[in-house]
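The chains carry the letters A, B, C and D, assigned in the order they are written, with residues numbered from 1 in each.
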Amino acid sequence: MSWNSFGRVFRFTTWGESHGPAIGAVVDGCPPGLPLAEADIQPWLDRRRPGTSRFTTQRREPDEVRILSGVFEGRTTGTPISLMIENVDQRSKDYGEVAKAYRPGHADYAYDAKYGFRDYRGGGRSSARETASRVAAGAVARAVIPGVRIRAWVEAIGGDTIDPARFDDAAIDANPFFCPDPVAAERWEGLVDAARKAGSSLGAVVACEATGVPAGWGAPLYAKLDSELAAACMSINAVKGIEIGDGFAAAALSGEANADPMRPGAGGPEFLANHAGGIAGGIATGQPIRLRVAFKPTSSILTPVPTITRDGAATEIATRGRHDPCVGIRGVPVVEAMVALVLADQALLHRAQCG
Amino acid sequence: MSWNSFGRVFRFTTWGESHGPAIGAVVDGCPPGLPLAEADIQPWLDRRRPGTSRFTTQRREPDEVRILSGVFEGRTTGTPISLMIENVDQRSKDYGEVAKAYRPGHADYAYDAKYGFRDYRGGGRSSARETASRVAAGAVARAVIPGVRIRAWVEAIGGDTIDPARFDDAAIDANPFFCPDPVAAERWEGLVDAARKAGSSLGAVVACEATGVPAGWGAPLYAKLDSELAAACMSINAVKGIEIGDGFAAAALSGEANADPMRPGAGGPEFLANHAGGIAGGIATGQPIRLRVAFKPTSSILTPVPTITRDGAATEIATRGRHDPCVGIRGVPVVEAMVALVLADQALLHRAQCG
Amino acid sequence: MSWNSFGRVFRFTTWGESHGPAIGAVVDGCPPGLPLAEADIQPWLDRRRPGTSRFTTQRREPDEVRILSGVFEGRTTGTPISLMIENVDQRSKDYGEVAKAYRPGHADYAYDAKYGFRDYRGGGRSSARETASRVAAGAVARAVIPGVRIRAWVEAIGGDTIDPARFDDAAIDANPFFCPDPVAAERWEGLVDAARKAGSSLGAVVACEATGVPAGWGAPLYAKLDSELAAACMSINAVKGIEIGDGFAAAALSGEANADPMRPGAGGPEFLANHAGGIAGGIATGQPIRLRVAFKPTSSILTPVPTITRDGAATEIATRGRHDPCVGIRGVPVVEAMVALVLADQALLHRAQCG
Amino acid sequence: MSWNSFGRVFRFTTWGESHGPAIGAVVDGCPPGLPLAEADIQPWLDRRRPGTSRFTTQRREPDEVRILSGVFEGRTTGTPISLMIENVDQRSKDYGEVAKAYRPGHADYAYDAKYGFRDYRGGGRSSARETASRVAAGAVARAVIPGVRIRAWVEAIGGDTIDPARFDDAAIDANPFFCPDPVAAERWEGLVDAARKAGSSLGAVVACEATGVPAGWGAPLYAKLDSELAAACMSINAVKGIEIGDGFAAAALSGEANADPMRPGAGGPEFLANHAGGIAGGIATGQPIRLRVAFKPTSSILTPVPTITRDGAATEIATRGRHDPCVGIRGVPVVEAMVALVLADQALLHRAQCG
């Protein structure tokens, strides 16, 4: 199955290829009566828009979203919300090379193995361009859970990690890296510039925190909040790892060191630690939900890499053209969107069963 | 929603609590005509059975599975396969303490926050006992994909990692830790014994490899193979992290270092590396699928931890009684089962769309 | 796909064959805290139990239900409710004939065409015995929507229809036909007796009314209340038709004759007619929901019917043994159960989206 | 839940309102490599296009479909196919009356009861305009099952039924009523004209036959072919009844009269009757699949009908403006589309489980 939908009762379906006329999302199950306009969605799209700095792809896309249905007199009607973003800057370059040979690390070979052929123009459906649809849908999700604040940032690029002591929320949007540590942001300028100029690329770690999630959202087993978040984030292009709370670090701890003690607090327990990342038994505890996502380096690099042609002959390929030297950077608004989409869905699921 | 089902066309639903009369799974969508008997399922259950060594909980459960439907004359009929395992050793202890106070790290508080009350006997539905149902269902999944070999092991306990140079597949089942490194296995005896005697617990990392997965299984976006595996593994009790291929390590690499070059091979490409863990663009490349799963230390420890009562009063709790000092150990057959269940589902989904 | 689950957030999955050790259902998504015991389910099972009169199959099944999970201290916990009914009276007869030849009107040939072989004992999975699981699940559904009253009855047998002027709710459970018209009930005694003695069978029409369904339940398009009810009822063995409100009669009317005028009433509109059967645009209007279901005559008859063997040879088959002369009679509690299951699901879905 | 998707592995999601900028459908799960162009879809849309005769609404919509994704170099890629149809003729009339008062038989009151408010322009989401999206999606479904021929027609209008003896397939597209009986077609001209001029409306019965469906498609229980077809057809605006094969007539028959005897035929059994409508036990038998659908008369009539305002005051409403005097007529291509969509889905599901 192609399976281009995500969510259980608050669901979205995305469509569109990198070089088709447009991309879009249909958001279904949205509660009625929520104020929603294109102006509520556009700012989130602008955050991930390409071409805003020399550290992202130079493809120029205005990424202007249109709401085609589901909103009447400025409020959601409860019917499907169709969001469309036109593709404007599909550079008419020659894709002959990509059409004939497989770019290692890209989906080229896997798509051919699955479907027998592929839309090779800019990666077609496998292009990170699809994530614009997620960000648009995520903006709708935010409207469903106004009490929840979702904030992501880049924690490390190419192994160079921020200093938590210098964490400054205000800094995140003050540099082209969504970096909360101004000093690291300066280092990353040089780091990413060097990679870009060398036609190389870098991986990154994106962290995300959601506050205001009430205790009780989530489900015990196959819709565990951790499980849904893992599926959501792992579905983002180039993501290869996900941690909830301490994640892999917890595997090195003792039970004592990993405990999250509680004491009486105002309206519920006050937790003295949050190793669990705000989720126990798959269900939110009311603490901040914390997760970390690993983005591999962009697979498009100038250095020639051995590969094979569609006919199985040996060749080499160097991916020229426009690409993000560090795809993880623009992953920040995408991670936020996916977290918002999961939480909106869980909010409605919780209400369905527990009133 | 409770959501106790997993899978899209090959689906299973589990039911049962730790101290109820029985637990079980209903497997739906299984192809017809596959040879299946209780004897094909029992060995996998025996691998995760408690009480087999002093390094696991001392609860004695024979975990004998019964097939109640879906099999006729030794073959699957294509109708639902109902699997039941009776609970035998529900020790009639006093659960008063657990009923009244919340064990930090456990689902106690979260369940009460969600449902208003809970079956506190042995953790009820949140007990790792539920994973026996998964292992039984996983055995059916293995019958659906006979060409695939799925092998998991413990890679690290409490931060003590195996030496890859000493990796010996034959060793995995030759020690109580599913440890492929005989030397590490000896160290772990002391490590886990110490934790057990101290009433403490340890985290673990479980690695898994699936070979024989044909290129093409998987889906581009919201049923990405990575995404499905992440959801499946993250749904296991105590799991807080998942990596595909190099995972977080890839985030520190350059595009050159992370490339998986190809050259012509017999029947398709031969890959010169496998940083991607056998998945590109969410679709299998035909390489071995590799993933790593982080288990937090068992939350049940003897050291008293500050917590609150159901009434919100301050108290301390020390979890006496039977538990696994390192829940990750018995997580090995569970990870294998979840991987098998995902791959069987993807195999059928691939056939549905791509014939 | 086998697809043995029904429902969207309040879902049940049934398993089991006519002559296996047991049958059952797993009900998932049930809200927590609802009082539920086996004694709440048993009466509904007793209504459909075979062998209660000479007008039903003589198979003797106590149909005693066991709750294996999901209930603690007399209340639902929000986790899956596993219901099991043991098969007791699987008469050890020789099924050789049914194994070798296809009974026309039965699923025998279709199952072989789909699965390559089948459990032929008593029809295996295709036996109406499966409907006991639905009735058990339906009893749980009733607990979810206590304000809704669901009442079904037999409206016609073999073309002999009740006189609406004699409709007496109290009569429905006072005769073996669930017939609200005492005079018709007397006629039917002779009618069904004659069919039974002749080894023949009769079709029936079952009508159902649900009152207390609040305006707003349902959904505009692919989960229309009419659509869900149609799918639910059409999934019952031997059902070949479904009408909502006036159904086919409405197709012969003019818009004026089919109108359901409204006038102001206490708390909402008062409707002056109910041609629509309580549903407009797929959504409940608050009027009684009315539907009619057509059951074909039992396909098992003594008169030999031309058919073919598994090997494709011509033969004749006469279905001896125990069967219902009119399967529609015991369809009454099954229709009620399916309506309850749809309404419970829609109640939760409505709450999910509309709070 | 809004639930605007239909299908299990071959799924489509529709969006759009009667007076929004556009409507559309996203078709997901389509197999790759199928030839598909707008020219393959347009003819089916033209069949249901309004304004083609005086017997349908006079709204002028070109209904030109655009394929926005999922097709590359003339073939489906296996990724979602986004289909969009712009709304052109949204007459800027005053909707004040419909906004303030509820049209009996329409979804007006039910939508307000569910969502608290509604897009009242032309019925918004509840308008039959949505069915254009289904017809477009249905054209894709036809490409998935080229061996299946699906043919629907109008069997009766306002109670005036065709003479089966005069059934002429060629006649169906030779008159504005999709009527296979030329003599009835002439009668209907007068019938529908009279209704139209009187501002009244008529109900209709639509029949459909699908040939070339291989034995084995379908599923035993909750995805029974009858069940899926019932859900699909009942989801069409104004539909209130569905019959498979003899439907309600079978309820008046004896088992002997309802039997479908078999004898050996070329490649499988030859059936001597088809009371079952080509489905036994929920699974196709290989015979033609036959169903009948009841459309109520259009609720929009000129005769004033008592109703209430949004504020609950008594009033009367007469629905002026453009509407179909018999909505069942244009229901013909919609029924065909829904049957095609169900069969395409079942074809893939069968392949998934049974190879």
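Going forward, a contact is a pair of C-beta atoms (placed from the backbone, for glycine too) under 8 Å apart; a residue touches a chain by one contact, two chains touch by 3 or more.
For each chain, UniProt lists the protein as follows: A, B, C, D = Chorismate synthase.
Bear in mind the structure is a predicted one, so any value in this text is a computation, not a measurement.
By the residue-number overlap criterion, the interface of chain B with chain C counts as same, with over half of its numbers used by both chains.
When the interfaces B-D and A-D are ranked by C-beta pairs in contact, the top one is A-D.
Put simply, the chain farthest from chain C by mean CA position is A. Centres computed as Cα averages put chain A at a distance of 26 Å from chain B.
Centres computed as Cα averages put chain A at a distance of 39 Å from chain D. Distance from the chain B centre to the chain D centre is 46 Å, each centre being the mean of its Cα atoms. Residue positions 1-5, 8-9, 14, 29-30, 32, 78-79, 114-116, 125, 220, 349, 352-354 of chain A each touch two or more of the other chains. Every residue of chain B that touches chain A in the complex is listed here, in rising order: 1-6, 8-9, 14, 102, 104-107, 109-111, 113-116, 125-126, 130, 156, 158-159, 195, 200-205, 214-224, 226-235, 237, 239-248, 250-264, 268-269, 272, 275-277, 279-286, 292, 294-301, 303, 305-308, 312-314, 328, 349-350, 352-354. By the touch criterion stated above, chain C contacts chain A in their complex at residues 8-9, 29-32, 78-79, 220, 348-349, 351-355. The residues of chain A lying in touch with chain D in their complex are 1-5, 9, 11, 13-17, 20-24, 26, 28-30, 32-33, 66, 68-70, 72, 75, 77-82, 114-119, 124-125.
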